[in-house]
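The following blocks contain the structures, represented as structure tokens.
Shared chain: subunit A. Partners: subunit B in the first complex, subunit C in the second.
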Partner chain A sequence: MSSPVIVLSSDNIRGTILEKILSRSGFDVLWSKSYYEAEDVLDKNAPLVLIFDAKGLRAKEAGLLKKLRINLPGTVIIALVEVDTMPISEAEVSPRELWLPEPFDPELIVSKVKEIVSSQPVERASDTKPGKDTLTTSLKQFLKLD
Partner chain B sequence: MQPRLNRQGNATLAIVGPKGGVGKSIISANLAIALANTGKRVIAVDLDLGAANLHAILGIRETRHTLDDFVMNKVSDLSQVVSQTGIENLGMISGGDVPGIANMPYQRKMKLIGHLLKLDSEIIILDLGAGASNNVVDFLIIARRGLIVTTPEVPSLLNVYSFIKATIFRRLAFHYKHNNSPGMLDLLQKARNPEKYPRLKQMEGFLEEAQKIDGKLAESTSKILEGFFFIIVVNRVQRPADENAGNVIRQLMHKYLNIPNSAIMTIREDGAVRRAVAKMRPIMIENPTATFCMDIMQIADELYS
Partner chain C sequence: MIEEHEKRLNLLKGRLENLKEETATEGSKDLQTDMAVEASQKPIVATEKELGQEADRPSGPVGIDIGTTHIAVAQNQRNHINLVKQLNAFFTIPQSNFTRKILKQNEVTFFEQDGLFYIIGYSAEGFANMFAANTRRPMERGLLSANEPYAVKVINAIIHTLIQKPKNFGETICFGVPGAYIDGTGSVVYHESVIKRVLSSLGYTPMAINEGLAVVMSELADEAFTGIGISMGGGMCNVCLSYISVPVVTFSIQKAGDYIDAMAGISVGESATKMKLMKERGLDLLKEPKGRITLALHIFYEELIFNLVECLHNVLSSTDRIPKISGPVPVVLSGGTAIPRGVKEKFESALKNVRLPVEISSVRIAEDPLHATAKGALIKAMSEGE
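Moving on, here comes the complex of A and B:
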């Protein structure tokens, strides 16, 4: 299995663990200590999964998370946060986002990445054809072609 | 895809974005650079009259001459307002912003068109304004080849279809006027009101009615329609489904407007574009390996290889 996964973590120990364990599980993984370090890679190839180690989630991290949501609309973001920064309701979380609270659990993270990667082809295949049909129908209606 | 050369031997390419804000000027500027990088002599002309910004996208803060100088008769030849861009092989004519320039009188527009076609360059890129005004449509018609830029969203696609229809109708109106055929002009007028004349909704029905009025003109109309070649560029593609947007327009063009020839090209969404614009640097210079640049180079290659 080879899937582009990027880990953004300024913590040397956590970053190293995630890089090794994901790599051992067959993922093509890149660990970066900062967003700016990963910027070029992110620009060229948006990853399928981005693990954002936002322990604490202070204003700076929250701003960065917002930026990632905008710049990587097709990427699933796994945010690693402390329990007290978890969103109150599911409605606050984007459908392409997953918040995992402390304690840091590498095995859980890997299993979530596997779930996301394995669900992708099914999701893409199902949204292509109906999307086209819906678009044709909408355009015909607006253009009064039928 | 072979470039269409005009009588002066240069290839003119019009770039239009019927809905504003779809990335037309950014594509124009960077496509011009990509083509210049292949060694071809290119002039990019900002014809987004009244809303010119191509120079800014190319990173040029001040221009000595603009299109205004030609339109206001300060210079006698359009070639006198071509500025250097600092990029090898690429010249530029900055857009005009004198009040009323967007509604240029017909004679002045024809003079401008004549001079545009005589510019000494292998490729001339016309960056046109948004909307489907006669000025925009006329410049596309003279260019003979046009890139129509859209995003995958419905409002932009609606404008693309309407723009293509307006271009076809304008071209046919010229043809019928030239052949002095009030009957065909009347039919064309009726086709603008498909609710009242539903049979004319499809070009097939139009051609059948045209056949009853003037067989020869009906035949030449079919040839004109076959001669159109629109290239739809779907910009800011994020998902596989987005890539289908161009195909949907192509199918509608074929079925309702009898346009059998068209091409679809796509450009992927790339955050690097915004950053380059913020720095006032063309992304082809700032970050030439970005996905946007890869897609632009592929378009350049398909257009003029």
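Moving on, here comes the complex of A and C:
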């Protein structure tokens, strides 16, 4: 199993745990501590799943989630939220979004990622269109690894 | 505008270069991890550094435990973990040409400083006995001693008796460091930085590991490195709650074996050294104490364990860092203070008085309590080194 998952988390422990547990489950994972750091990659290659860790998110940063929804229409966003402190109301949650409230449950997150990935149609090589590649394919092409 | 674009492009290129390297090394990283897990199953063969024995020149990753009483170096061998240790102590005698000649003839390790010979390691013990005095330690309560001006030089010299420069420049060496104190003073940052410098100057790439996590790495491979590792040494107890080898919560208390010896000694009017000797002669915490010395040791052992469990409860209960863990996790106790019979049972009993936010499956003593930290540091060096 190999699917592109991007984790956005400013928390070292949670980011490291997600990176490790998802890698062990066979996913290609890229953990980024900030949106700015991941911006270029996200712009060029929309991941299948984006894990957005909202722990410690300040009100002015809440706009990020809205921005991500607009910029990544084909990506399923898993938002890890502290419902009481999340500066976005639950009513605003998009249908292609999954809110997982605290406590932080890495195994549940992995199972949700697996569900999302397995529910995606299998992409044949001939179906791959230029500019609409998966993150892995694009990166491999860019890096001339194939 | 163009500058901004170029800056962003360079950022992206840099990131993709990193990804390329990661992809290329992915296979070898997996192999490294497999080898590390395999190494964690191997038994430890420990020896004390002998007079005149040449220091090793490692050809692979190294684990090193720089403890208050000993420094131990672990290396992976085909069927076992090879561990060599040296006493982390020194003794000074006045400088003279005659003494220098004698020391050299007898292959005693020493260096000269301010008109004194600094005799280091196990040799120091022999000299201290000869002069009916105590050895001095470059470390105190798990950290570099603030009271010994040449502590760094002594530690540097002791490490040199155990390892030379590595065969491959930049070889990974992982060393144990204490967690932040919850009940004392002292800077872990200074200690860690100084040790890093010492190891770097020898040609290694140093990485630090929390001592509690090292216990987890040594003992909990079968539990996917998830559980609580506790190192109960001479100067301090180090605790780590690890989830898949990520140190989620770490802390230390500056109470351990030395505290038991000192307090029990004060209570019955005996020296701490005598209490230590009594403790090491086979103290059994499961038997009713006979005499006031054993009674004092029992009391302060129980107090230490109670205090440790209480701190564990307070720290774990006050953090929101702990992930949801699907099953109960084990606790592993290691270090010299965990050796006496009954420590496990006393710990289990103390655990019954608190309600931890994680369920505990079992309490056990490390397979080789004295050397688990060095072994764990080696596992870390093998799995995460360059």
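Throughout what follows, the second predicted complex is superposed on the first by the 108 of 146 C-alpha atoms of A that agree within 3 Å, B and C clash if a C-alpha of one lies under 4 Å from a C-alpha of the other, contacts with A are read in each partner's own complex, and residues count from 1 in each chain.
Basically, a contact is a pair of C-beta atoms (placed from the backbone, for glycine too) under 8 Å apart; a residue touches a chain by one contact, two chains touch by 3 or more.
Because the structure is predicted, anything quoted here is derived from the model rather than measured.
In the superposition on chain A, A:74 contacts subunit B only, with no contact to subunit C.
In the superposed model, A:107 makes contact with subunit C only, not with subunit B. In the overlay built on the shared chain, the residue A:42 is in contact with subunit B alone; subunit C does not reach it.
In the superposed pair of complexes, A:63 makes contact with neither subunit B nor subunit C.
When the two complexes are overlaid on their common chain A, residue A:26 makes contact with neither subunit B nor subunit C. Comparing which residues of subunit A touch subunit B with which touch subunit C, the overlap comprises 44, 139-140, 142-143, 145. Note for the complex: subunit B touches subunit A at residues 154, 157-158, 161-162, 194-195, 201, 238-241, 244-245, 247-249, 251-252, 256, 269-272, 287, 289-291.
Of all residues in subunit A, those touching subunit B in their complex are 42-45, 70-74, 124, 127-128, 131-132, 135-136, 138-140, 142-145.
Contact residues on subunit C toward subunit A in their complex (touch as defined above): 8, 11-12, 15-16, 19-20, 23, 243-248, 320-324, 326. Interface residues of subunit A facing subunit C in the complex, by the touch rule stated above, are 13-14, 16-17, 20-21, 24, 30, 37, 40-41, 44, 102-108, 139-140, 142-143, 145.
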